[in-house]
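Below, each structure is written out as structure tokens.
Across the two complexes that follow, chain A remains constant while its partner is chain B and subsequently chain C.
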Partner chain A sequence: MGSVGTGVSRVRGSRPLRPWRLPRGTLFALPAVLVGLALTLYPLLYSLWVSFQEYNMMTGTWRLVGLANYTEALHDPALWRSVRNTLQITTPSLVLELLFGLALALALDRLRFRGRPILVSLLVAPMMIPGAAAAMAFALLYAEQYGPINAWLSLLAGRRVEIEWLSSIAIAPYSVVIVEVWQKTSFVMLFLLAGLSLIPEEMYDAAKVDGASGWQTFRYLMLPLLRTTLMAVIVVRLIDLFKMFDLPYVLTGGGPGVATEPVSMYIVRVGFQFFRIGAGAAQSFLLFLGVGALALVLVRMLSTRGVAR
Partner chain B sequence: MRAGTPWRRAGRGLVRLFVYLAVLVSVFPILWVLSTSLKLPRDYYTSPPILVPTEVTTSHYAGLFADYGAGQYYRNTLVIAIGNTLLVLLVAAPAAYGVARYRVGGRYFPVMVLGQRLLPPVVVLIPLFLLFRQAHLIDTFPGLILAYSVFNLPLAIWMLIGFFEEFPWELQDQAMVDGCSELGALARVVLPVLAPAMVAAGFFLFVYAWNELMYAIVLSRSETKPIMILFINLLRSPTGEFFGEAAGAVVLGVIPAYALTLLFQRYLIRGLVSGAIK
Partner chain C sequence: MDSHSAPKIRRTRREFLRTVGLGLGATALAPYAIDPSPAAAQGTGGKAPRFDGVTLQVSAVEANYMIGFKLFEGELQQQYGIKMVYDTVPVDQLYQRDMLEFSGGTASHDLILVQPGWLADYSRHLEPLEPMARKYGVNLGLGDDVLPAFRTYMSWDNVLLAAPFDADQLQFLYNKVAFDRAENRSAFRAKYNYDLKPPETWDQYREMAEFFSATDWVGDGKKRFGAVESWRRGIWCYSWWLCRFASYGGVYFDENMRPLVNTPAARKALDNMMAMRKSTPPAIATAPNPEMRAIFANGDAAMTINFSSLARVVMTPAASKIVGQVGVAPVPGVRHGSELYRRSSFGGGGWLLAVPRYAKNRDAAFLALAYLSQPGPSLSLALDFRTTVDPWRRSALQSPKWYEIWPDYKDYVRQLLAVTEETPRTGIPDLQIPGSEQYRSALATEINVALVGDKQPQQALDDAAKAWDGITDRFGRDQQNAFWSKQNDALKKLGIVYRPELAGS
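Coming up: the complex of A and B.
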């Protein structure tokens, strides 16, 4: 996955200078290992134990319920609804981010732009602000009665337009998609720009000599060479989209109703609002399994394609 | 298909237009927020909407600090983000050194870091909440500083390994041949060269901690609320009465991270990509 020419190289063959140094190397890593154990591995094991229990808020006691939390989660329509919401937001987001990101990367790579660094830093501005802030900004733009978007649409249409960006069940998921795409397209663009910069200029010259059209150059030269980068960025974005939380939390609060509530948000609600900690823990492990399986399938696809080439 | 020159030129013009439009779309919401934060309420609802206020006011910012305790939120966020950055760097740097020089963890190390990346934050949040409640760490700065290490530590180690791998370690060996101890060579030869890279890594840790929302919602209460929480408190006003305050809060919440971004732009791509693979 790190093969996008970013300088993140894997461990080179740097042998220890003298054998007695080996334990010392471990010593250097010890603090990080301890923090990782205490703050991630131990909590995970603890959570696994909790996921087999039910917490009684009244008495503050735990009761072993075995796999009940898991079977209940698998039959919980609300959890599946949140999975559906996540997919409904993730799919168009990913497609649009890839399309726009690829188009921008190609344009910036192949055309000479004056002040390109400035253009790039303006393009990546959305990515650098927190998801919560992006959500706030768009909440102002989406405002139904007085917001600028509806005001402009009204002027264009010549009559009063009041699109319910955030309060219509049919529209709200796509309002989230718009913010998501606005924020993360430049991430895809940066990734692909890095990938494109690895294609040597001579290859384009060769294609030109062979009389390849622009489309042919893209289809048969750039796309194959970009495939690894594309797959990497798809994996990374997909994993991130599945963990989505901040954006809908601030923009819609998961509403209207639960129309834009992604899985992470539903689990937080189960755990900390209904205070069904055991159930929340079980569901969070199912989410972990889901994301892990997804990543595995994608990475497998990536590597078999690589072999087939 | 043969593309004639005029067609090609027109095509290029369209592509340029597309790029400039994308720039406009990227920047506009941010400019809109900035302008709204300086607008008087009478400029909120004009038709057509106006980007440049008829009269500039700083009253929303004054109100944020006087009535909403923005200063307190700011202080909290700074304490948490700086504390976390320092703690994580302190722990991650030796580990990255261990990996770069001694290959600690062998080939399992990247797998572990990747595993962390796949871990949805909510999976660790639930047990952390229970453990922190027992340890009385809820709504405390040490608690939040520790909690943010869950996602920042692997990110830091990953980024630092990237930097450390590129270091010409012969320099350290040379210094040791010349009589330095390993740590002495580290402090005198290695750290001065790697300091900018460490600062850049620290910047990413700071921004991640600054921007975090989920852990803040669950693990902070009245005493330690970071600025992202202020957003949520301000937003639930569909009538638009508090547009100015909401916009001002966004500007306040974005400024530190954004300023740092501009400062460290040359590390941007590398940091992001390692962040992505975190």
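Coming up: the complex of A and C.
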């Protein structure tokens, strides 16, 4: 293994491997790898250690509590409520982002006109805005008493319209979804646009020769070839959505009540408002395991389909 | 190396002698303690210590408080050579930011603002003030001049750790157009069979809110809200609930540390808020307080209960459309026979100035703290409406300057000063035991969840009580009980005891 780096090492290939005889490339990469591992592994291992402890903020001391934080988390109705909130925001967001993203990607892939690059730039602009800034802008737009959205709707309706964008438990989660979709659809679009650009033009020509309709071309040509890209974008978006924090934090503060408090926000509340750092760390690990398992399932589905194809 | 040692020792000796000299001098001069204002320093010929080149990092919390600090930048620089830079952080993130830093034995600020309820948790991270005051011969003047409720806030375990900066209290404000208009008075009398005047009880307040929200009380064809408060999750819904809860005879725990936040007093308080929802803005339980204050200042609500700073904001033409149309009164209460029992709350108790133990410039920060809490600067802070700082000294409430800023509204000033002085005598101080923020946060979440209709009120209160028990157990029941007993004794001295009969039980 260590013998492929240089001519010298190839000659000494059969000798036992010593660190000072590592291939030059590996040696050069080693510091970066070690720093990378330290930066990734150390916080993970430290928070794992913390998750088995209880912190006493009055004395500043730690006490080993074993798996108590984990069992408590699994029996915490507020945590499960936040999981439900996360799913309530994540599911429609993901579906809408995929639908709109796919529609935009298809349109931009097929339509060729002079202003196309400008249009693409404009479409990806929301993605470049930080989540907190977008949330602040929408908080002003959604303001029920003096906000512009209700004012425009009132103007259109010819009477006072007062939609409780952020204060109704039925509406507020979807107000978050709207901002999420507005901001992240372009990310999905860019991914899929890249996927579409990889489909050779000859395949479209062949489909045309075979007399395939537009729908048939999409259904039987584009969609199967986009599957890998689609699965990848779903995994990335799903992980991102499950970690959602800044948008609801700024837009709704998790309210009304706790109706828009996603799991990551709840964990922060437990960890830093209740100052139960161990309990928060345990919940983070459960979230990490949950999202990891979901991603693994999706990636396996992706690779199985890839092999089948 | 050796060549450097000798001068080092000489310097240390010189410093030591200077410190001893200063200490002895300060002890000798203690009875004539120095007032740290520039005028006083000049007057006594006392030499103020210099901190030229020192820049204090100030945790100003909000932009309005930053304005307050900036008012004294020039004087602090002239007096001590101190400069100040600020940062602001949302109130609901402040506790976690500070505690995270303190847990690591660091502080990025030299001078911080702390809520009284947090003092127990912050205590081991704060610099005791009395040794500093002795060191510099400074009289902090935190005795009888401080209004009663705020006097209980400054110390933890008998150690003075902080000085008041802003003394919040909830007050009742009303739009006089709504209450004085003859049509409103007669219609109200006809419907409810009593006179329309500032409500004495929570039931009257609810009825008036219902009446105004259903009435064109200005007479211009536009519908307005009956009342506006701020019930956002956090300190807001908690404080507005607390003044009802305390009026219905509630206190935080019983003698055995059993939570009383799910008793009939708690339920009556929550029910009153829920019954008022139809007369208040839809966003009352979610929107930030400035938005709610603007509704009243724009003349779109007949009544409000809000922080006392609003009473000054609504008299400022730049921020209010109802200048001169406002009346102020204590928050409503509960009538029991001939007794009217009112207990306002202090909205978290306002803000205290403190110096973290880990601050880089503790001495300079202490002198800035001492300066800002003197009668003169604290009055100036309260008189400037932009700071939203409320007075906390008795002498500040007796100042004729209040009449100078509103010469045309002397009655209003009299009302405002009377209410501002009465509330700290009758209001319920915030819970001040270890973990107060956790207790408050758990309860506030449940109150807000009930207010938005996501949980049944009694269920929410029962869940809050359960959460409170959990917090007590985590901190240690015996320890918490001991601390609560101390606060309970202090409350009893203010006449605050659990009175179940006020909630009809």
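Keep in mind that, in the parts below, the second predicted complex is superposed on the first by the 269 of 309 C-alpha atoms of A that agree within 3 Å, B and C clash if a C-alpha of one lies under 4 Å from a C-alpha of the other, contacts with A are read in each partner's own complex, and residues count from 1 in each chain.
What we mean here is this: a contact is a pair of C-beta atoms (placed from the backbone, for glycine too) under 8 Å apart; a residue touches a chain by one contact, two chains touch by 3 or more.
Computed from a predicted structure; not experimentally measured.
> Going by the contact rule set out at the top, does A:Ala125 touch chain B (first), chain C (second), both, or neither?
first
> Taking the superposition on A as described, I'd like to know which of chain B and chain C A:Gln273 touches: first, second, both or neither.
second
> Check the residue A:Trp182 against both partner chains and state whether it touches chain B (first), chain C (second), both, or neither.
first
> Is A:Ser47 touching the first partner chain B, the second partner chain C, both, or neither of them?
In the superposition, A:Ser47 touches chain B alone.
> What's your read, chain B or chain C touching more residues of chain A?
If we count touched residues of chain A for both partners, the winner is B.
> Of the partners chain B and chain C, which touch A:Leu141 in the superposed model: first, second, both, neither?
In the superposed model, A:Leu141 contacts chain B only, not chain C.
> Which residues would you name on chain A as touching chain B in one complex and chain C in the other?
Of chain A, residues 143-146, 253, 272 contact chain B in one complex and chain C in the other.
> What does chain B use to touch chain A in their complex?
Interface residues on the chain B side: 1-3, 12, 15-16, 18-19, 22-23, 25-27, 29-30, 32-33, 36, 44-49, 90-92, 94-95, 97-105, 107, 110, 114, 116-131, 146-147, 149-150, 153-154, 157-158, 161-162, 165-166, 169, 173, 176, 182, 207, 210-211, 213-214, 217-218, 228, 231-232, 235-236, 238-240, 243, 246-247, 249-250, 253-254, 257-258, 261-262, 265, 268-270, 272-274, 276-277.
> Where on chain A does chain C make contact in their complex?
Residues 54-55, 57-58, 60, 143-146, 162, 164, 166-169, 172, 252-259, 269, 272-276 of chain A touch chain C in their complex.
> In the complex formed with chain B, which residues of chain A make contact?
Counting only chain A, the residues touching chain B are 1-2, 4, 6-12, 14, 16-17, 21-22, 24-29, 31-33, 35-36, 39-40, 42-44, 46-47, 50, 100, 103-104, 107-108, 111, 113, 119, 121-141, 143-148, 151-152, 154-155, 182, 185-187, 190-191, 193-194, 213-215, 236, 239-240, 242-243, 245-246, 249-250, 253, 264, 267-268, 271-272, 277, 280-281, 284-285, 287-288, 291-292, 295.
> Note which residues of chain C are touching chain A in the complex, please.
92, 95-96, 99-100, 103, 120-121, 124, 232-234, 281-287, 291, 294-295, 300, 434-435, 437-438, 441-442, 445, 448-455, 471, 474-475, 479
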